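All chains are identified by letter, namely A, B, C and D, in their written order; residue positions are counted from 1 within each chain.
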């Protein structure tokens, strides 16, 4: 898809031995326009990034170490793509303050690198205002502890907000006799149903209905590798986006 | 599918102006091997069946009148196909006693004339013992009062029974943090989820999962006409099945 | 959704006895912010629109009469929503020329009033560049003469164009031994599969796949009523959009 | 599901280093009622089976060696479960002749160990006679060489045969204007559509339609592990089925 460039971008991966990190190491290594210059593990110091001339770092370590790593990189002019979870508004503000002192450096935080998941949520947000009804069915492997999934809950919130912004009425629902739980969980007025089955991985259907028609957006995720196109997109784009960017959808022009 | 026969079977429809009845009148009328000899409404007496020489009656009136109609028909040697809901074990016993006095007459009671629905339930029953997990998602128009649907509840019971008979363990489920209702209603150990949406009619998915695979049986019902093939099958077969038959699956050799 | 306004917009429907026209008459009649002032059939003259004070006309007659009707309306300062098929670039140019002489009048031509269908196509266009593979499965009733459907063919073209614009490689496909037709029809490099079945109405799945994930956009259309929200949206918006607008997606801000 | 028994059955796996073989080794090893007594590779001789006291052998080597291995086992009174492909009617006859000399020994040949796939095909066979229309959509990863898949072709044949046996008419299809390939491949009168996409594994939908309803049987296979329950079922049952058994459905009572 991309032709090898004369000067591939040097990339360092932090947390190179974690599950996401190992995939990222491989993905960067295989990308012809990128060069893996450092695969940093817990035992290594960050100076390796400098020695190797990394222009972009991919932070995939741990909530405890993420902020220190980001600070180090920004202070040394290295752009950072952050996939570590657990950074909230306070951390975002701290990063913005830091970046204000280092104009030209970019940090991109992605709560979800799955391009399919990001598209699903965006499409759900766009469609929400045009349908009388919206519900979500998410289906996962039976080892999952939380129901509904975080993605389903966020999608429901996005739909609820879009409906409110458009001034829509409540969804039609004549249920008067319900066996406890049959109609699912209520997240901001959107019913969410969680299936847990052996054999499944991670799947989500967002269903919209209006008189005489329905629209379904289904996302199936089978493998951690599905996050890598999103990681690579972020690595390629972060250098041209000084300051803090939150969410892959920003890069995708959605 | 069927060639016109020299002597088409004379059929009377009771409740001919109801929604199901009107469809049945049309369906019998269009079947080349059947002849519609009486379309009986509330105002008519049942004697019209005798005058017209009906060999089979289709009872589609009302729980209040069904038993009287069945009794009249059996006593006059007319086979009966019953689609009226609300007949339970007591009524079944009464009909059996009546039929014992009228050998050669057949009565068929079908809780559901939908061939697709009957097949779905049978397939679910067969598959249940082979999978670690089973759940049901049923989706209906938003004017429906009960959740889950009767068909979904019965399907769950059938699955639960088949699992118990096979000595299966509980389904795997590591959910520890659930938003109320997310995991659906529990019917005999089977989770059932009910979606209510504008634009939908009547749909059901039975999902089975085991390590590395899943099997889904989906039934979509768009129209009352979908019950007519089942009605016609029953009309054609009831005459060769003396005594009481409950369920279309018996006729289908399932 | 909308509150009755003091001065509802007067709307005339042309082709009021056709299948779409009859639905449009009903939909306008039921909308609290619109007033049905004329239901024009073939026998009526167009002057009735003037007498009734129509501010918007909905043209749903026939390709043969559509241009004359549009001309009449525009010349009399009536905005027009056009659902009649068969108007091509030449007709669009003629309408633009006409509108240039009547500034302030708007004409909106919608090849498809189905909001779900318009969203599906837009989502397909957005997603296309992010996935290695894309195919379409469309499913229709068995009385349909053409395969693939016009909507599926247009969706395939949109996807093919988006892939070309993004510089994507050909889709991966190792098929070397194909039973004739198994891989479907090729529309601009996108494989399209057409299912024709009793019981179905009009359905379409656009499937996208990349390493480890897939995204599916499914649209089910059960009834002509599903076009009415799009018609009403167009009627409400056309007055504030002087000149020619082609496609509902323009109004939807997509 | 099964409680550890006092005397677990001794099982030897032939082809223990192949992909299926390695999974079978693991599956037998983990089953409490079975004991893995020999994992035989190409370099080993078969005498190891005898030394280890294997009562059942699982043949997963290669078409070239399968018959020799089966002969050796039967002559030594070891039951055999055969997953190797490529054995046809001639080999079946040879095995029957051999078994006639060794009464009490059982051989089970399974073209497909996937319980979900076996159920899908059986359900398709049962349903076929009750619907006007039937089509198959199968979806696989893009490295697959043949289209349609062998399973889809066999399913279509089974449906075609069931329709012929029931005397059904041709399926309704008014297509007069078809872009080449749009309507799929014709296998015994059943249209089969093959999707090839990055991200997918092995999936199949069998669709049935009649007036007002449709029934869909979908099977998703994500992993070779999905074959292991079928392998274990065969290992447990083969000892009580002297002679040749072909097909897992026999054991499943379908």
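The rule is short, and it goes like this: a contact is a pair of C-beta atoms (placed from the backbone, for glycine too) under 8 Å apart; a residue touches a chain by one contact, two chains touch by 3 or more.
Owing to the predicted nature of the structure, the values given are computational and were not obtained by experimental measurement.
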Shared chain contacts [chain A and chain B, defined touch]: C, D
Pair joined by more contacting C-beta pairs (C-D or B-C): C-D
Angular offset of chain A relative to chain D [C-alpha, multiple of 5 degrees]: 180
Maximum centroid distance from chain A, chain identifier (CA atoms): B
Interchain centroid distance [CA atoms averaged], chain B/chain C, Å: 40
Euclidean distance of C-alpha centroids - chain A vs chain C, Å: 34
Rounded Å distance, chain C centre to chain D centre (Cα mean): 47
Of all residues in chain C, the ones touching two or more other chains: 131, 199, 208, 210-214, 220, 222, 226
Chain B-facing residues of chain A, complex: 131-135, 137, 139, 142-148, 153, 171-187, 191-200, 207-214
Residue numbers on chain B that touch chain C, as the complex places them: 199, 201, 220, 222, 226
Chain A - residues contacting chain C, complex: 1, 114-116, 119-120, 122-123, 126-127, 130-131, 167-169, 208, 210-229, 252, 254
